[in-house]
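First subunit A sits with subunit B, and in the next complex the same chain sits with subunit C.
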Partner chain A sequence: MTQVSTRKISVQSEFVPQKKRQSQFQLKAHRFARNKAAVIALCFIVLLVFCAIFADYISPYDYAAQDLANKLQFPSWRHPFGTDNFGRDILSRIMRGGRISLLVSACAVSISAVAAVIIGSIAGFYGGTVDNVIMRVTDIFMSIPGMLFAMTVSAALGTGIMKTAIALGVCSIAPLVRQIRSSILLLKDQEFIEASKAFGVSNAKIIMKHIIPNTLAPLIVQISLRLGDTIMAISGLSFLGLGIQPPTPEWGNMVSAGKEYLTTFWPMVLFPGLSIMLSMLSFNLLGDGLRDALDPRMKR
Partner chain B sequence: MEILNIKDLKISFNTDTGVVEAVNGISLSVGEGESLGLVGETGAGKTTTALGILRLIQCPPGEFVKGEIFYKGQDILKMKDQELRDMRGAEISMIFQDPMSALNPVMTIGEQISEVILHHQKCTKEEAERQMLAMLEQVRIPAERAGEYPYQFSGGMKQRVIIAIALACHPKLLIADEPTTALDVTIQAQVLEMINALKRTNHTSMLLITHDLGVVAESCEKVAIMYAGEIVESGSVADIFDATAHPYTKGLFNSIPSISKKMDRLKPIEGMMPDPGNLPTGCKFHPRCPFASDLETCAAEEPIAYEVTPGHFVRCHRCRSWVEELKVERGVGV
Partner chain C sequence: MLRYILKRLLMMIPVLVGVVVVVFTINYFTSISPAAVICGSMATDEQIAAKEQELGLDKPYLVQIGTYFFNIITKGTLGDSYIYKTPVLDMIASRLPNTIRIGLCASVLSAMIGIPLGILAAVKQNSSLDYASTFLAILTGAIPSFCLCLLLQLLFAMKLHWFPISGVKTWQSYILPIVSVALMPVAMTMRMTRSAMLEAIRQDYVRTARAKGLPEKTVIWNHTLKNALIPIITVIGMNIGISLTGSIIVETIFNIPGLGFLMNSSISQKDFITTQGCVLVAAFIMTFMTLLTDLVYAVVDPRIKSQYTKGKKAGKKSKLIKGGDAA
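Coming up: the complex of A and B.
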């Protein structure tokens, strides 16, 4: 009748030193800080966000200013990342492009997270026919390759920042729904949920106050991993010409513009490519670090 | 006045492998301020009965086949969802077996106690917090620990927090489902004492589910012994402990080591609890009963409750014939 596994966990948890009255947050932050890779990743992300927000003030040149006399310049002190085929400063364009990438991926992930939490909670909590219908629909969505799905949706919606965000958001709903449903299925048979029912708490309140806060940790991890994936997907779409259109700078379309010069002038592909790679890597490392810090089973 | 009255309740579960009859026509009643101990082995249907009273059994696969559960004259089985939610926690409350998993790990204990108060009483947050702190004091947990999370408490303290939640709205009936099973012996005594004291001050009735006869002796007035979904013997504590009639109850007492008597070996009850999906015919206990071979009726006929002395009921063919013989003898003797 008692769940052996959960009991073990909570028994262990009693050995956390009680004299230090650390809040949950402090405890987790402390644990996160010990993961060096994750901290570096977090610093890089903070830098990216800072550049994206203040791109207009801190970038050395106007991202759109053309200077055809100085086109295709290799990196130098004047242009640290060089200039592109229209003589625009690549560093300034990367800073500005980061804004688009981050904004779109934040929007896309918010859309999918909100939708997935609602759909996943309903499926997991109520079970039965509702669950079956929702899960079969997600199965259908998941059987379509992600990139292909994103291309189809954005082809249907058209290009543009908001439309790309919606396209990418919609296609990452299905895997997230699965994630959330599974963590809710685990939770819903726990005794404290039954206890809340025995104390007369309504279903809606149980979902809002007991179930969702308990799924928050895996959800945060998923969100940070998704942010990385989505940056990749935006760049992919833009590279193919389906996402953000030039002249708006975006890492993907910058790589796309530079591919013609790949053999003769590498900075046009290298720097935006590196930005994509590093930001995706950072979000993944951050996600890993968060998972280790937030996992209740890891108490050391 | 009777606060809870269960009449011929039958609960079964329809599983893929067949119908599991968890509770088979039990009847019991709990008076105001009274404590009833429901004793039985694991799988006897005690917890199912408790969850049934609160209508917390998932239907399907569960099914209330027949019977009635009256709480203050109102049939719980006929209540609407809203009425049920208003009743749970405020009128009938439950203490769960395992304090380790009955608290939400991501909410502070203070929030968890206030939640129930806020839910049932139309009051402000401040008022709920005041009541919450008073409740914590009653279970002897320092008020400054209200902002801490369950993992920062020991097992016994967690169980006291659960008691505080269960009693926060002063319910009329408290169902305690093996409240001390998951705790060690010294803490058990502490927790039991606390439940008894709070019960007395709040004048709460209690249905105490346990497999520990010692616990029953300490805190109950009436006892019902459950076996395979049936109540085989019921009566006052004195009836059950001093005038044990049913062979199963006798078996239970024989399985407890005694300090006063010299014993080489304990005498456990032979055999295993029957599979509730495939119960024996006649008396459910007959395959394990040391006296069953005397009587063919044991395997064929289901015994009905027989009143040995007023208030002391036994479901056993053997006891019935025995007592009747005794009466005849006495009648002849007089």
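Coming up: the complex of A and C.
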């Protein structure tokens, strides 16, 4: 529907399509801004990214500096989140750990998104045998429970930042392929694609010019939701000792280290746990907000 | 219907073969040799090579995977554990009951809480109850399960002493793990029920039912919920599949000898053949649950059932007739 109306206007006045396009964006931004939860979530994510990038400059202490005389300190003015079993400042470690979590989940999601866009568009656009083969392969990957699959891959690859990212990225390709394929199948039969085909536009150009831009909205929503899920998965793997290994701080392995002291000292579990929860929550709320803003069918 | 079930069962075979190939390949290209781990750090190269020969790990990829398949088909075994020397299938069989007990209870619990909450939220849309339950669902969906387990353990086992800390000795010890496993599915079931109910409640046949003067109870239970069941069943089926394959984190924290626990310990011991077996069994349970969910669709929805029995055309026809009736 939107495509049709855009075209009408550009036919009527050839020189303003640029402006119309911008107002489309503004419309979406307005719709997004009305969703308070999503805006707060976005602010929190910006703060998180800022902390992750500038962790070395803004954190109150060195994340690795040990101070055994002041170990297991409860929160105070000097150490807002307390200190851990080696006397390291928990706030500084959470900031540093956020960098690892965000970096790994960004890498993992990029890997799966790029692979899924390529495979999904091939499956959806060409259909037939190619589509069938790709779908059967995704069936295989989808029938292995996600966490078990991630564990197997990361056990085989070994631990470390890049390896964990690859393991988690590979594991989330299949569900994403399905999503992209289904949104392309919806697009494929629409009039403007048919029109392009009738004009003799090449398949590659149709994919680049029409299909990918139009699948971008659901993809962005998926990416936002996946980022949250992946942060959770990384911390789960690290908690089990498979993802990021200590002494590199990561929220999951910080909780794992803290569980030994749980009965007497809660900050080591609570604060990293809260960080995971808040980032997961923000990415989910952001994803929901984006979906409502970008999906024209939801327009009220 | 029977033919359809048979067809679906046959279609499971290539998927499971694919799973074996995928998991075997991942384990084959692992960076660490299991033989080296079994022999320990003091072992010489000859000892490791001898161990590899004993386990058949020195053979080429195709021979190894061929043997694995051959053993599954002819002997029905998944090989012997590298470490304990016992059949992997026996190890899994002795641990699966714990996982199934927890998984089934958690699934029932999550459906019993999630569906009514979702219906309430949808019926009273935009009320404070709706906002509260939606917020709770989002919140519980975001709690990392290991934090939840640790907090439950701290509060109810260590401080209040209501339940044992870990193990599976008494029935009380199952309660905390069940609650931990159930929480995430509750959130998912609730959200799905709410959105499916909202979709159905806006349909014309619901308006008609109300216009006929039917009591609101009948409208909600007979007209709305019945039509919203398909997505709810999908999410419940998925949840059962996930819970039955064992929550690794929950089982590790509460020290429950289940499938997830076995999987985790086999990974840390580099006992990859056991890992492989666990993943395979889990994938089998998942595929089976998907099949079961599809069959339940047919029981619940006569439109889908007629598709199975009379072929696609008849299905479309009956859909039209049904649509006409409702309007």
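Basically, the second predicted complex is superposed on the first by the 277 of 300 C-alpha atoms of A that agree within 3 Å, B and C clash if a C-alpha of one lies under 4 Å from a C-alpha of the other, contacts with A are read in each partner's own complex, and residues count from 1 in each chain.
In this text, a contact is a pair of C-beta atoms (placed from the backbone, for glycine too) under 8 Å apart; a residue touches a chain by one contact, two chains touch by 3 or more.
Owing to the predicted nature of the structure, the values given are computational and were not obtained by experimental measurement.
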Requested in this report: Mind telling me which of the two, subunit B or subunit C, contacts the most residues of subunit A?
Outcome: C
Report task. With the two complexes superposed on chain A, say which partner A:M151 touches: subunit B (first), subunit C (second), both, or neither. Result -> second
Query raised in the report: Just subunit B (first), just subunit C (second), both, or neither: which does A:L262 touch?
Result: second
Report task. Would you sort A:G236 into first (subunit B), second (subunit C), both or neither based on which partner it touches? Result -> second
Requested in this report: For A:L285, decide between first (touching subunit B), second (touching subunit C), both and neither.
Outcome: second
Report task. Quick one: classify A:F141 as touching subunit B (first), subunit C (second), both or neither. Result -> second
Requested in this report: Find the residues of subunit A that appear in the contact set with subunit B and again in the contact set with subunit C.
Outcome: none
Query - Complex contacts: residues of subunit A adjacent to subunit C - result: 136-137, 139-141, 143-145, 147-149, 151-153, 155-158, 228, 232, 235-236, 239-242, 252, 255-256, 259, 262-263, 266, 269, 273, 276-278, 280-281, 284-285
**Report entry** Touching residues (chain side subunit C, partner subunit A) in the complex
**Finding:** 14-16, 18-19, 22-23, 26-27, 29-32, 138-139, 141-147, 150-151, 153-154, 158, 241-242, 245, 248-249, 252-253, 263-264, 267-268, 272, 275, 278-279, 282-283, 286-287, 290
Query raised in the report: Where on subunit B does subunit A make contact in their complex?
Result: 42, 47, 54, 56, 84-90, 93-94, 96-98, 100-107, 115-116, 119-120, 148-155, 162, 165-166, 182
Report summary line: The residues of subunit A that touch subunit B in their complex are 1-3, 6-7, 10-11, 13-14, 16, 18, 21, 24, 190-192, 194-202, 205, 209-210, 213-214, 216, 296
